[in-house]
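Note that subunit A is present in both complexes that follow, paired respectively with subunit B and with subunit C.
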Partner chain A sequence: MTQERVINRMPSVTWNFLRANDAKIQWDEENTKALTAENITAGNTAEPVKIDINNEGSFCRKIVNIEAAEGQTVTVIENMSVAASCNMEVKTQIKGRKDSVIRLIQVQKTEEDSLLFVDVQCDLEESARFETVQVFPGKGDIYLNNQVELTGDDSSYRSDIGYLGQKTQNIDINLVVNHWGKRTECQIQADGALKDSAKKTFRGTIDLKHGGTDAVGDEKETVLMLGEDVANITIPIILCAEECVQGNHGATIGELDDETLFYFESRGISRETAEKLMSRAAIERLARLTGDEETEKAILEDLEEVL
Partner chain B sequence: MGKDNLLEIKDLHVSVGEKEILHGVNLEVGRNETHVLMGPNGTGKSTLGYAITGNPGYTVNSGKIILDGEDITEMSVNERAKKGVFLSFQNPLEVPGVTLSGFIRSALEEREGRIKLWDFIQKLNKTMDLLNMDRSYAQRDLNVGFSGGEKKKAEILQLLMLEPKLAILDETDSGLDVDAVRTVSQGIKLYQEQCKGSLLIITHSTKILEALTVDVTHVMEKGKIVREGDVSLVNEINEKGFENFGKDAE
Partner chain C sequence: MSEEKSYVADIDRSIYDIKDVENDDFRMKDGLSHEIIDKLSEEKHDPEWMREFRHKSLDIYNQLGVPDWVPNIDGLDMDHIATYVRPKSKMENTWENVPDDIKETFERLGIPEAERKSLAGVGAQYDSELVYHNVKDDVSKQGVVYTDMESALTGEYADMVHEYFMKLVPPTDHKFAALHGAVWSGGSFVYVPKGVHLDIPLQSYFRLNAKGAGQFEHTLIIVDEGADLHFIEGCSAPKYNVANLHAGCVELYIKKNAKLRYSTIENWSKNMYNLNTKRALCEENAVVEWVSGSFGSHVGCLYPMSVLKGDNSRTEFTGVTFAGATQNLDTGAKVVHIGENTTSYMNTRSISKDGGISTFRSSVVVQKSAKNAKSAVSCQSLMLDSESRSDTIPAMDIRTKDAAIGHEAKIGAISDDAVFYLMSRGISEEDARALIVSGFADNVSKELPMEYAVEMNNLIRLEMKGSIG
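Coming up: the complex of A and B.
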């Protein structure tokens, strides 16, 4: 039997009128199938480690553990696909030792009425770096939770998120970056397009903790609103416990208003193409960013299919 | 039709909302000719540019716009662009999410079908070099965070990539520093020579014209063309201002 499950909760619940402090999903814990867990240790191979994660049954959970030893570099590509009316949780737990670099690339391909909950937990030691490229062109609902602990001094995190919301899709993103170490840095870029009556919620918490002197946190968003009925909620939270820290947030909202449309059309670009161009943009950028030809090609093919 | 004109505007009346702004404009531009349109602020120069391009916010009450012998007065913005009308915007819009390169590429593809990516990139790079634009701008969101001058250069880049038959440049030189004016002027010259296109340059200054051969100068006041002449008219205006021309209109 499914029960209400609260996920993507913001650490600081400041106001409630948007009812966006967390997300609630229906989940059947009893009948959740545990998929075989993966354990990846950096240094095994220079090639990216590719994992295909396909749902099994109505409810399933996959656990991936990644550890990068001191000075090691690892790239993991997770290809997640969920069939119609199915629910999947993918939990990736990462430990980055001193001076390691971990790149996690997550690509989603889901059918309508499906649910994917992507949970990423990462802890970094001194001078370690974590990079995520998370690409969501799929048709189902997507819940994303990235929790990054910049524990060691000089550790850093870079997050790139790209989504395309169509029809009644719900895209719910929760990012929490805790800056514990000195001179830690994080950069978040979340871009996407919303069509029809798609809904997106973005919660970005950058917590510049006490003791984390000279830390820098930066979050940026570009949202293209391409429908009358789309909903866009953005809750950026930057907490500063230290004085000599820097936290920035910037959001750009784009839309195809009359003036913008005229600009496109004056170059011979029709409304239809203009909308397509705008919807594709974020996903295309991330496809290039994956740095893996096969993955890039697959993403662009998916995009052709969904648009 | 006396001579072989690319553009003919006949007794054009244009209004925005209830207000008529152009009160019977007549103007002819020959093939591969360069025309200059001057006039005080708020007289309707940009309005004429928008009307030729087909901006739906500007209503043509009467008169005709003829391009290449074809009446385009009722045509959609899209179709006109495909027929070779190009407007360099006085204030280019910022379009987050769409790269400069992607914008130009899809404009070309709408006209010509799928284009070879390699050829496109080669040409884009070459043209950007010519305009002293950093190549990295191709991958930046269209005009987002560009300086005023950079936006104008991006417009000229589009002009050179799209190679229209008719280019209307609306104050492309304003906001450009001395070097940038020279660069842009060279770009326009290249368009003139290579694409054999016709130009209608709306400007308040003469600097941008230095590298170009101007065939005709039109002066607009209060929504009408009040005088036409050769390039010497540009200098005359610069010396005397617009005051004298207004009187001729009555």
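Coming up: the complex of A and C.
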């Protein structure tokens, strides 16, 4: 039997009338199938580790553990597919040892009327770096929760998120980056487009902890609103308990601005085509960022299908 | 100019902290109950509808919980708050007739002087009642009504009060709006007729002298079509070792083509729980501008809200918050875009020092009907030490594609280079830091009339005293 499950709750909540402090999904814990867990320990290799994660049954959960040893680099590509009427949770737990670099690329391909909950937990030691490229050109509902602990001094995190929401799709994103160490850095860039009746919620929290001197947190979001019935909620939070830090946030939400539109129209490109080009742009940028030809091609094919 | 400078240097916090001997005409027993509501209603000579309204509001208060997102208010115990304290003075329209002790308090705060120099009318509230109210003759002759709420409730404007009172902020809005509905007293009623432009502002000043008491004044302003008003609100209280409460309510109705600027310098004492609610409803082409300086209170929750119902209506919110030792100030603004071509702009600065907590909280809601809505939010926070906190929690809920929404936030410290630059020109470190903080807050001070800008800068300098070492 399904029960309400509260996920993606912000560490600092705000007005309840906004109904955005967390997300609620229906989940059948009793009948959740545990898929075979993956344990990846990094060796220095140029080749990415690729994992195809497909749902099994109505409710399932996959756990992926990644540990990068001191000084090592690893790239993991997770291709996640969920069939219609199915629900899948993918929990990726990451430990980055001193001076390691971990790249996690998550690509989603879901059918309509499906639900995918992507949960990423990462803890970084001194001078470790974590990069995520998360691409969501799918059709089903997406819930994304990234929790990153910049524990070690000089550790850093880079997040790139791209999505294309359409029809009645619900995209719900929660990012929390805790700056514990000194001189830690995070950069978050979330770009996407919403069509039809799609709804997107973005909660991004940069938490500059006491003692984490000279930390820098930066988040930027651009949302292109294309449908008559779209809805966008953005809550970019900066929490600060340290004097010598910098926290920045910028968001731009709306349809194509006049200047961009004029640029296209002066080159004979219609508004409709311009909007299509711009909504592709966020996904295409991330496709290139994956650095893997096969993954890039698959993302662009999915994008064509969706568009 | 040189006089102003010496005034800044000479200002003393004691003008706010002087306590008058409590010499009340009536003090309600502490706590909240229907019996207390009946007694309050009797003391206030309420019409029957208001008595019923108070009782219903108390029922709502008892049903509602404290929201989970607000700062901790455990130190506020309503069983130890007197909800109504009437001073031994009836409302006068000349300062000479106000009792000496109360008059001296307002003189120290500079209210009569400001009235003579630069105000079109003044209301002065002491504890739960207005003790002074006056409006210049030429303003009255234009049909401007500026009176206390009690007179408006039972006099010539009774129907208007009945029509508008707590319609914009209903008691169901939140627990402390319900509390206000139950125990409100004092405050001002303003009506500016069609087409009337007031060149100089009206001001209400609220002083809470009674220990362990609450102040629940209600301000109701209606600016009719094409009219223009600047209303200034000031408040202060001496510091006690027990909690005081301020849960006022401000309702502003700005009709077609009208404009209202509402300026507040809040300097409650640091034992005060300031849980105030302010809201404006803008009709077609109407404008509301909020200018807000928050310096006092132990805990503060204040988010003036603008409802842009009419097409082409707009709002601006300009605010500065300074949270020092023992203070937790949760401030910001809310806006709802309903009409087409509506515009909102928020520009805020927050400063945290000596363990103070400052939170900027905002919401921009753009409904589907608000085609071509535009909104920009800019908030900057300054951390003056690592014992303090500064949080920024903005929210945007956008339901139409035909909108342009922008937001930017920055948190950081005072630049060492800027301090060094000023010190290299012979300015002490303390003065250099105070100068930088004053400059940081000039978005608000430049929007205030000169006298109030000077007071605000004085408050910043007071807060910055001893900030080195």
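Annotations
Keep this in mind: the second predicted complex is superposed on the first by the 291 of 307 C-alpha atoms of A that agree within 3 Å, B and C clash if a C-alpha of one lies under 4 Å from a C-alpha of the other, contacts with A are read in each partner's own complex, and residues count from 1 in each chain.
Basically, a residue touches a chain if its C-beta (ideal position, glycine included) is under 8 Å from a C-beta of that chain, and two chains touch if they have at least 3 such contacts.
Keep in mind that this is a model prediction, so the values were computed, not measured.
When the shared chain is aligned, subunit B comes close enough to touch A:I269, but subunit C does not.
Measured by the number of subunit A residues touched, the leading partner among subunit B and subunit C is C.
In the superposition on chain A, A:L208 makes contact with subunit C only, not with subunit B. Shared-chain residue A:A241: touches subunit C; no touch with subunit B. Of the two partner chains, neither subunit B nor subunit C is touched by A:I102.
After overlaying the two complexes on the shared chain, residue contacts for A:I161 are found with neither subunit B nor subunit C. In the superposition on chain A, contact of A:H249 is made with subunit C only, not with subunit B.
Look at A:N232: by the touch rule set out above, it reaches subunit C but stays clear of subunit B.
Applying the stated touch rule to the two superposed structures, the overlap between the subunit B and subunit C interfaces on subunit A comprises residues 252-254. Residues 12-16, 18, 20-21, 208, 210-211, 213, 223, 225-255, 257 of subunit A are the ones touching subunit C in the complex. Put simply, subunit C touches subunit A in their complex at residues 67-69, 334, 361, 363, 365, 368, 381, 383-386, 388-413.
The touching residues of subunit B, counted against subunit A in their complex, run 53-57, 76-78, 81-82, 85-87, 89, 92-93, 95-99, 102-104, 106-107, 110-111, 141, 144, 158, 162.
Of all residues in subunit A, those touching subunit B in their complex are 191, 193, 222, 224, 252-254, 258-260, 262-263, 265-270, 273, 277-278, 281-282, 284.
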